[in-house]
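Notes for the one structure printed next.
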Amino acid sequence: MRRELTLTSEPIDEAAWLAQRPMPAGMGAVVCFLGVVRDTEAGAAIRALEYEAFRKMAEHQFHRLFDEMEKRWPIASVRVVHRLGVVNVSEPSLWVEIVAPHRGEAFAACQWLIDEMKRVVPIWKRPVFQRAGARPRRSRRSA
Amino acid sequence: MRRELTLTSEPIDEAAWLAQRPMPAGMGAVVCFLGVVRDTEAGAAIRALEYEAFRKMAEHQFHRLFDEMEKRWPIASVRVVHRLGVVNVSEPSLWVEIVAPHRGEAFAACQWLIDEMKRVVPIWKRPVFQRAGARPRRSRRSA
Amino acid sequence: MRVSVSFFSYFQDLTGCAQTTEALAEGSRLDDLYRRIVGRFPKLAPLEKSTLLAVGVDYQPRDYVLRDGDEVSLFPPVQGG
Amino acid sequence: MRVSVSFFSYFQDLTGCAQTTEALAEGSRLDDLYRRIVGRFPKLAPLEKSTLLAVGVDYQPRDYVLRDGDEVSLFPPVQGG
């Protein structure tokens, strides 16, 4: 299984990732997920989310999940991009792509990975509000 | 719910579709599925699949499914592209995209739509084998 | 009354045609038409259980009452995607 | 022995620091360290049930036996995606 993990403060360029997709012969299904910053958080209007990671552990935990995926499903490729730092409303914060022989395993693996990520990968977010003066705090340990 | 259905004999240009994605405020999840022609069909090596549709009914059935999706989930946009005619191995034959507030409904709707499509939308495929002389038969009623 | 009957996918190979017409008595049901078609194209008979029947652009049950000019379609299980 | 302790996300706000160190008796467990930390930073106490504890890059249970130089991290539930 090919695996590629990118934790980045740069915008996610979906088209660029798509152009580099590994697509081995015999693969019949690609499932992509894009998580986009919504304009409200717990009912309040926000301007952005600021993501912070414990990067070394986040990378390790993602690779543990990839190991587990590889055992569970016949996946050819998994690629994950997660934004860190400030991500504005309507921008993607997460991009996940699974390439597999059939759609059943591609959907199952993609959903499983996102669910598990939200359980174990040490990344946190805090809302950046629209009010003047409520500038994002500079994270002491971000990216 | 925005809906866009394209039955086409042209290659699916994922990047072009992606560039035109409708992304209303408040939407947090995009799920894309790409169905790709595999290099074997029932164990035999193939060169391509030839897709045939009863186009008028296929369009109607897709829109019935879109109606049902709209009742079941708070989806902002569904876009479907299905190839007709000859689709070579490793080329996509189907592209589906769902835009929704949360990932749960986006994944559920995307999988439901594909499952239902394979049950009711009148599109058929036949393998195009690699042997010389086994050229695809010209469908009498293909799109 | 007359109805048209279209075949799709390998049903065209089995019948040797894409479309035909049938004359039926008023009040005939879709199943009456199906029996007539299977009589004309016996190769369809073994596929009865998996055969899909539509009138216009909608699937219809076997007891659907046909009307003059209905466009009926017969085809094998669909395989899109 | 000495271990380092890092805080992430709003645990940094509650403790007022990103990192500290603790001196512990040999054979101390992760829970012993946690009690010591909560003693120093009482604002963490109400969050005990949701607090996640890692040593190095792996989660560990409360009875994990610490070693000199271990890098311990405390943080609230993760929220990626």
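The letters A, B, C and D name the chains in turn, as written, and every chain counts its residues from 1.
Here, contacts are C-beta pairs under 8 Å (C-beta built on N, C-alpha and C of every residue); 3 or more make two chains touch, one makes a residue touch a chain.
Only a predicted model underlies this, so the values are computations on that prediction, with no experimental measurement involved.
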Furthest chain, CA centroid comparison against subunit A: C
Separation of mean Cα positions, subunit C and subunit B [Å, integer]: 26
Whole-Å gap between the CA centroids of subunit A and subunit C: 50
Between subunit A and subunit B, centroid-to-centroid distance (C-alpha), Å: 25
Shared-contact residues (touching 2 or more other chains) in subunit A: 35, 114
Shared interface positions of subunit D, touching two or more other chains: none
Pairs of chains satisfying the touch condition: A-B, A-D, B-C
Complex contact set, residues of subunit B against subunit A: 14-15, 18-19, 23, 25-40, 89-90, 92, 101, 103, 106-107, 110-111, 114
Contact set on subunit B toward subunit C in their complex: 35, 51-54, 56-61, 82, 93-94, 114, 117-126, 140-141
Contacting residues of subunit C [partner subunit B, same complex]: 6, 8-10, 12, 18, 52, 54, 56-59, 73, 75-76, 78-81
